[in-house]
Every structure is written in structure tokens, then in C-alpha cells.
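In C-alpha cells below, several structures.
In the two assemblies presented below, subunit A is common to both, partnered first by subunit B and then by subunit C.
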Partner chain A sequence: MHRLELRIGPVSFRIGSAWQRPLDQLRRLYAGYPPAETPCDFTVRLEPARPWRRFVRPSLTITGDYWLPDTAPLPLSLGLLAAEMGMNLQMALGQRRYLLLHAAAVEREGRAVLMTGLSGAGKSTLAALLGERGWRFMGDEFALLGLDDGLLHAFPRAVSLKNEALPLFAGVVAERLGPLLEGTPKGTIRHLRPDREAIMRMDEPARPVLILFPRFGADLASAVRPVGAAEVFVRLTQASTNYVALAERGFAALTGLVTAVPGRAIDYANGGEAVALVETLWEETR
Partner chain B sequence: MAGPRFVADPPEAVRTVAIETLTALYHRPSGTTHILAPPAPQILEALAGRPGDADALLRRMEERFDLASDDAPNAVAARLAELEAAGLVRRA
Partner chain C sequence: MSAAAVARLLADPGSAAEVKDWTSILAAARAESLAGSLAFRLKGMTLPEKVELLLEDARTGAEAGRTQALWEAEMARRALAPLGVPVILLKGTAYAAAGLEAATGRSIGDLDILVPREALPDVERALLADGWEWVKEDPYDDLYYRQWMHELPPLIHSTRDRMIDVHHTILPLTARPKPDAEALLLASIPLGDGLQILHPADMVVHAAAHLFADGDLAGGLRNLWDIDRLLREFSSRGYEFTVELRERAWEHQLEPAVARALRLARALYGTPVDHALAGRRQATDSLFLRRLVARDGWGRPTRRGLRFAFYLRSHWLRMPPLMLARHLWRKARR
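This part shows the complex of A and B:
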């Protein structure tokens, strides 16, 4: 079994793989990240779906401390994606130190914007775009809300850029991009390493000042609507994978967040509009 | 009108936070979260550790709140049924 240890924000992962290649890709993608803290929080393993599948049309399954039955095996060519999915799975099923919100986050001047919404709403792309335009990228998949401090803690994993988002990042240096992964369950994907600032400052938490529910649609007119705190509360309980498991601590953290931080829904048709909306709304929270 | 008597958990069994006009309630015995609209939180307060039937409940609420509607008995009965279904009040 080949091994790699990796720390992303406050979470250390140990990744084991029956093949070297996915780990080489992961090592390259996460170049510059700090060393893992041992013992690691979570273990991910990429193993052959059947013993002979290590060699014949190699296909892998994701296991680890936490795993889901009946996950379809992936071809070895998507090993990097499998490792990323494995890390997500451990966080979604096992994280207990923070309230885990399925949300992206960016920060400027110590004041963070949380962006949540259904898959495909564009939060990942939007967070990555902001990360290239002067904001500190804190994560595109999971936002970690401190149970005691109410602060957002960064989890700046590589961004998974999908299909139509890829051309928006054509200008970034090639060494920050992972391999082009075609034929994934979500179409074509390419990972983007967050910029240097996001990695250097990953241990700095930030105070949340705005909760956004972005909605991307080519035909949508640019729009902003307030979202009431009770609705934000309900939507965030649904966007959290560990709200129920954290019991009263989760309740306290989430009610603390929604009673202090305003919520807005934003519609946008392109990245430029979205960045402008976020910047205007963020200014208004001062 | 004598009817069934109801009781809610005592104050230490719940944690509530006002969110706009609503109340988020964490129910410690079950570990569940509820979002309540008035007068549900007031009903729970009036029955917290003090069993009473619908009439007693109405009297307690009238002492403390201005029940503006003539239809208050029906509204309170309907909310009581919902709170019983949610497991926040039970028959005493």
C-alpha cells in the first residue's frame, strides 16, 4: 500500500492507495501544503474493486474510517477524484469538531462570506473566481464553523472545476492545475490548487459577516433578495452533514450564526456579475 | 369542558432561541430541533412541568398574554394537537 499524508486546514488525512499514480497526482496538486499532524484525523484507502482489478482494467473503491456501501467503483484514471471523494466522505460522515456546512467561503480583512446552495448553484466556481481576484479562498466544499468561537475555519482543498467553469481559469499557471479528468459522474473535471495566500493563511479563522445563496443561470437577471434568519437556519441545517450528530452544540453554533449574520440570495448570469454582487454586499455589511 | 390534560417538558429540557418572529427550539430529551410560530412557544411555556387541560391552558395564557382573537380556543386546540404530534407535549 502506497501512502501520503496531507493536512488541509485543521484536518489531517492519511491516504493509502494500492497504486502509486493517484498519490503522485495528489502530491503534485497539494504541493506547498503543510505537513500532516499525527495521528491523522481520517484515513482514506483506494483499493482494487476485486483483487485482480489491481492489474486488469484497474478499478478502485474508496474505503477508510467511514465509508458508504454500494458506491460504484471508479477506473484508476479517476484515482485523484476518488481520493478527493474519499476525503469528502470522511469529513461528511466523521467530522465532529466543527459544524460542517456544505458551503464555500472566502475572506477579506478578516470578514468572511459563506456561500451555500445546491450542487450546481455555482458556489465552487464563484469562490474560486473570488480567490483569483483578491479574496482569500477558504474552501469550496465544506465550511467549518467553530463550535465554541463561532468563527469560520478554512478548509482550502483543491477546487473541483467542472465543465463550463474550466475556461474561466484558463489564465492560471499550469502547475496549479490537476490532470483533466474526463467521464466522471459530474462530467469533465479539473482540480485547481488554491493560490499561495489561501495555503499560507489556512490556519487563520475569520468572522462570518454574510451568508449567500447563489444561483447561476445563463438566463437569469442579476438580482439580490434578503433571506430571513429562520429560513437561513432551516436551509443550513439541511446543508450540514453533522448538525444532528452534534446535538445541542450544533444548535447553539448555528443559531448563533444565523441571528448574527444576514442572509441574501443572489442570481447571476456570469462570473463577473457574481463577483460584483458579492463585493457590493460585503461592503454593505461594514 | 373537561378534556385530556397535557404537559410539556420542564424549562431545563429545552433550549430556545428567538429567530425573527419565530422560535428555534432544541428538545434535549429527543435531540430534535423545531421551528415554532406563536402561540406554540407560549403554549409550551404555560404547560412546562404543569399539567392542564385546554381550559386551564387558555386561562394561564390569558393571564400572561393578550389573546386577541375570539377564535383563541380553537387556535390553541389546533396548536396543542400539532405539539402533541411533534412530541413536545404529551398527555398527563
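This part shows the complex of A and C:
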């Protein structure tokens, strides 16, 4: 078993793989991240789907401390994606120290914006765009809400840029980009390492001041709609994988968040519009 | 570091100071569903900060799981109360409901209950009417369960997503030992809320039967830890328990399974046991021990051949040869 340890924010992973290549890709993508803490929080394993699949048309299954039955194997060429999915899986099923929200987050002046919504709503792209324009990127997949402090803790994994979002980041230095992954279940994906600031400051939590529900659509008119606390609450319970498991502490943390922080749904047709909307709304929370 | 190391730590928490690779311990413990049990076992010890943090997570997780399991039992109680039939909790939920030491940190999956066989059709109807639905739709499996198994085909609750296994006895009907289901019901102990648990001796017999007279030892390390905890707690209550356990093991035709459980618990966890009932060490004990700890520090199953042998054994225990042949033929053609 080849081995790599990785720390992202407060969570350390031990990743074991039957092949060296996915780990090399991972090491390159996460260059500059701090060393893992011992012991690691979670173990991820990338194993041949069948013993002979190590060599013949290699395909891997994602497993680890926590796993789901009947997950479809991926070809070795998507090993990097598999490692990322493996880490997501551990967080989604095993995280108990933070309320886990399926959301992106960015921060400026210690005040954070949470962006949540269905897959494809554009939260990843938007968070990454903001990260390139003076905001601190805190994560595009999971936001960690502290159960005791009510603060957002950064989990700045590599951003997974999908299909049409790719050209928006054509300008970044090549060194920050992972290999082009074609034919994934979500189309073409390329990972982007967050900028230096996001990595240097990953241990700094931030106070959430705004919860956004972005919606991207080429023909949508730019719009903002307030979302009431009750609706935000329900939508965030649906966006959390461990809300039920955390029981009363999860409820307390989430009610604390939605009563203190305003919610807004935003529609936008392009990235520039979205960035402007976020900045205006963020200013208004002062 | 591996499942064997997890077992050593459970038996002797004092050895925690010597652990070098906690990541492996945690991975093996999680894979064996023993993370919560281990975390409680190590509670109060001076350990590295990050280890303590992760063990605290495991304790929190186990506590939430316990609440959820007890709630599920309450849901079943409400669904079945109008029938007026005895409902006996089994395994993890029973340990939790009875406040037994075995429940400390224990992971609890499905809800297992035992009801009188003649009440099965009513129980099934009541559960289906209250939101539970079938997991398997395959007619062969369904018929197989109803004809030969000691339980209904598993049901899952449509909104709470939790499984319930409704037993009418503790071993498949095709297994060679024939436990006395009526005696289990008669000796059961009311918890005061309308639910019941097995008599302590029956509880141990059931745990041993489940582990050594049925199944392929998957999750065996956890199940044997249950047995260790139960034996220690019940034995401390006095001499009577030892006598009862001998009697009940004999009555349910499960002396060999109980004896094996005692010997292996003693070997792995240092459990004090009744030497007369445990009997002489058998050559096969070491195979069982090796199978119980067949997992490495990555959480991967090891000893593929031995695992497969125990898998075959589980079928052999379950059915007479001709029936086994027909069953495997049927499954293979699917």
C-alpha cells in the first residue's frame, strides 16, 4: 500500500493506494500544505475493484474508515478524483467535531460568506472566483461550523472546476492546476489548488455574516431575494450530512447560525455579476 | 497495528502508553465497529491531545447512536403495543435499554426483536402499517426467510431509514441445535415500559449462538467483546449466574457454542470464566482466534483463505448438505 498523509484545515487524512500514481498527483496538487497531524482523523483506501484489476484495465474502489456499499469503481486514470471523493466520503459520514455543511465559504476582514445550494448551482466556481479576487478561499465543498464557537472553520481543499468553469481560470499559473480529468461522472474536471493565502491561513476561523443560495443560469436576470431563517434552517439541514448524528449540539449550532446570520438567494448569469452581488451584499451586513 | 492490537487495548487499556500508531488503531477499531467501545475503555487516561480529541468524537458518536437505537425501540414498541404480545429486545439495543456495561460505546445497527412465532403475522402487519417496508423484493429470498430462517425478511423504515429484524427464535430452523424459543419468552424480563429483555443467561447463550453457531464471524471481535462484558457483569452478581448459564446452554443445545465463547473470550480479552463450562482448549480454537483478528492497520480484511473457510462453514452450519447444494445452485444461477 502506497501512502500519503495530508492535512486540510483541522482534518488530517491518511490515504493508502494500491498504485503510486494517484498519490503523486495528489502530492503535486497539495504542494505547500502543512504536514498532517498524528494520528490522522481518517483513513482513505484506493484498492483494486478485483485483485486482477490492479494490473488489467486497472480500476479502483474508494473505501476507508467509512464507506458506502455498491459504489461504482473508477478507472485508474481518475485516481486523483477517487482520492478526493474518498476524503469527502470520510467527512460526510464520519465528521463529528463540526457541523458539516455542503457549502462553499470565503472570507474578508474576518467576516465569512457561506454559499450553499444544489450541485451545479455554481458555488464552487463562485468561491474560486472570489478567491482569485482578494477574498480568502475557505473551501468549496464543505464548510465546518464549530459546535461551541459558532465560527466557520476553513477546509480549503483543491477546488474541483467543472466543464464550463474551466476557461474562467485559464489565467492561473499552471502549477496550481491538477491533470485534466475527462469522462468523470460529472463531466470534465480539473482541480485548482487554492492560492497561498488560503493555505497559509487555513487555521484561522471566521465569523459567518451572510448565507447565500446562488443560482447560475445563462438566461437568468441578476436578482436578490431574502430567505427567512426558517427556510435557511431547513435548507441547511438538507445540506448537512451529520446534522442528525450530532443531535442536540447540531440543532443548537444551526439555530444559532440561522438566527444570527441573514440569508439571501441570488441569481446570476455570469461570474462578474455574481462577484459584484456578493460584494454588495457583504458590504450591507456591516 | 491491527485488529489484534485493538483487542489487546480493550483487554488492557494500560498498554495505551505504548501505542505508536494510533491512526492504524483507529482504522482497525472503526472497521470492527469497536471505536466507541475502545474510546470509552480509554476514557480518563493521559493520551496525546489529538488522540484524545478523536476518542472524544467516537464517544460522542456512540452516545448519539445509543439515543437513536433507543428511539427506534420506542417506535417499534408503539407500533406493536396494540397487539399485546411480548416484544423482547435483542443484542445491542437490549444492552442499552437495560443499562448494561456491554452497551458502553457500543455501535448499534439494526433493531433486533424477538416475538412469539404465532404472533409473527400480526407483528408483520402492524409494522407494515406503521411505515416499515421490505428491503428485499426477491421472491426466492422472501420464501427462504419465511420457510427456513429464525427471522422475518429484514424491514426498513421508510422515513427513519432504520432496519428491524423480527426474530421468533435465535437460530435458523435449519441449524442443528434447536434452541427453546418458548423458554426464552418465559424467562424474559420486563423493562417496565412494555418492552422486555432476555434473561441474563439466555442473553449470553444468544450472543454465543449468534457468533459461533451461525454466521461467518464477521464483526466477531465486537460480538466477543459483548460476551466479555456480559460475563463480567453477570458473574459479579453471584454464583447463581454460572449455574444458570450451564443449565440454559444445555437446554438450548448450545453448550459447544457457549463453551467456545468462554474459551475465546478468555484467550482474547482475559475474561474470567467457568472452567468446567469452557471445557478443554480445542485445536480449532486457534483458527477462530486468527479469524477474529484478521484485519490489518489499514482496516483491510486479511487472511482471505481463512475468511472464505469460515464463510463456507456458516452455510454448512445453516443447512443440511442437500439443501445447501440446492440453495447455492439457485444463488449461482441468479
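Throughout what follows, the second predicted complex is superposed on the first by the 286 of 286 C-alpha atoms of A that agree within 3 Å, B and C clash if a C-alpha of one lies under 4 Å from a C-alpha of the other, contacts with A are read in each partner's own complex, and residues count from 1 in each chain.
The rule is short, and it goes like this: contacts are C-beta pairs under 8 Å (C-beta built on N, C-alpha and C of every residue); 3 or more make two chains touch, one makes a residue touch a chain.
Keep in mind that what you see is a predicted model, and the values were worked out from it rather than measured.
**Student:** Please name the chain, subunit B or subunit C, that touches the greater number of residues in subunit A.
**Tutor:** Counted on subunit A, the partner with more touching residues turns out to be C.
**Student:** Between subunit B (first) and subunit C (second), which, if any, makes contact with A:162: first, second, both or neither?
**Tutor:** A:162 sits against neither subunit B nor subunit C.
**Student:** Examine A:228 and indicate which partner it touches, taking first as subunit B and second as subunit C; both and neither are also allowed.
**Tutor:** Touch status of A:228: first partner only.
**Student:** In the superposed arrangement, does A:176 touch subunit B (first), subunit C (second), both or neither?
**Tutor:** It touches nothing on subunit B or subunit C.
**Student:** Could you look at A:264 and tell me whether it touches subunit B, subunit C, both or neither (first, second, both, neither)?
**Tutor:** neither
**Student:** Let me test your reading of the model: by the given contact rule, A:16 touches which partner, first (subunit B), second (subunit C), both or neither?
**Tutor:** In the superposition, A:16 contacts subunit C only.
**Student:** Touch test for A:190: subunit B only (first), subunit C only (second), both, or neither?
**Tutor:** neither
**Student:** Looking at A:1 after the superposition, I want to know if it touches subunit B, subunit C, both of them or none. Which is it: first, second, both, neither?
**Tutor:** In the superposition, A:1 touches subunit C alone.
**Student:** Counting only touches as set out at the top, which of subunit B and subunit C does A:247 meet: first, second, both, neither?
**Tutor:** both
**Student:** Of the partners subunit B and subunit C, which touch A:38 in the superposed model: first, second, both, neither?
**Tutor:** The answer is second: A:38 touches subunit C but not subunit B.
**Student:** So which bits of subunit A does subunit B touch that subunit C touches too?
**Tutor:** 247
**Student:** Using the touch rule from the top, collect the residues of subunit A that touch subunit C in their complex.
**Tutor:** Contacts found on subunit A: 1, 14, 16, 37-41, 43, 45, 47, 64-66, 96-97, 245-247.
**Student:** If you look only at subunit C, which of its residues touch subunit A in the complex?
**Tutor:** Contact set of subunit C toward subunit A: 21-23, 25-27, 30-31, 48, 50-51, 53-54, 57-58, 60-61, 64, 67, 298-300.
**Student:** What part of subunit A is in contact with subunit B in the complex they form?
**Tutor:** Contacts found on subunit A: 228-230, 233-234, 237, 243-244, 247-248, 251-252, 255, 258-259.
**Student:** Considering the complex alone, what residue numbers of subunit B touch subunit A?
**Tutor:** 15, 17-20, 22, 24, 26, 28, 31, 33, 35
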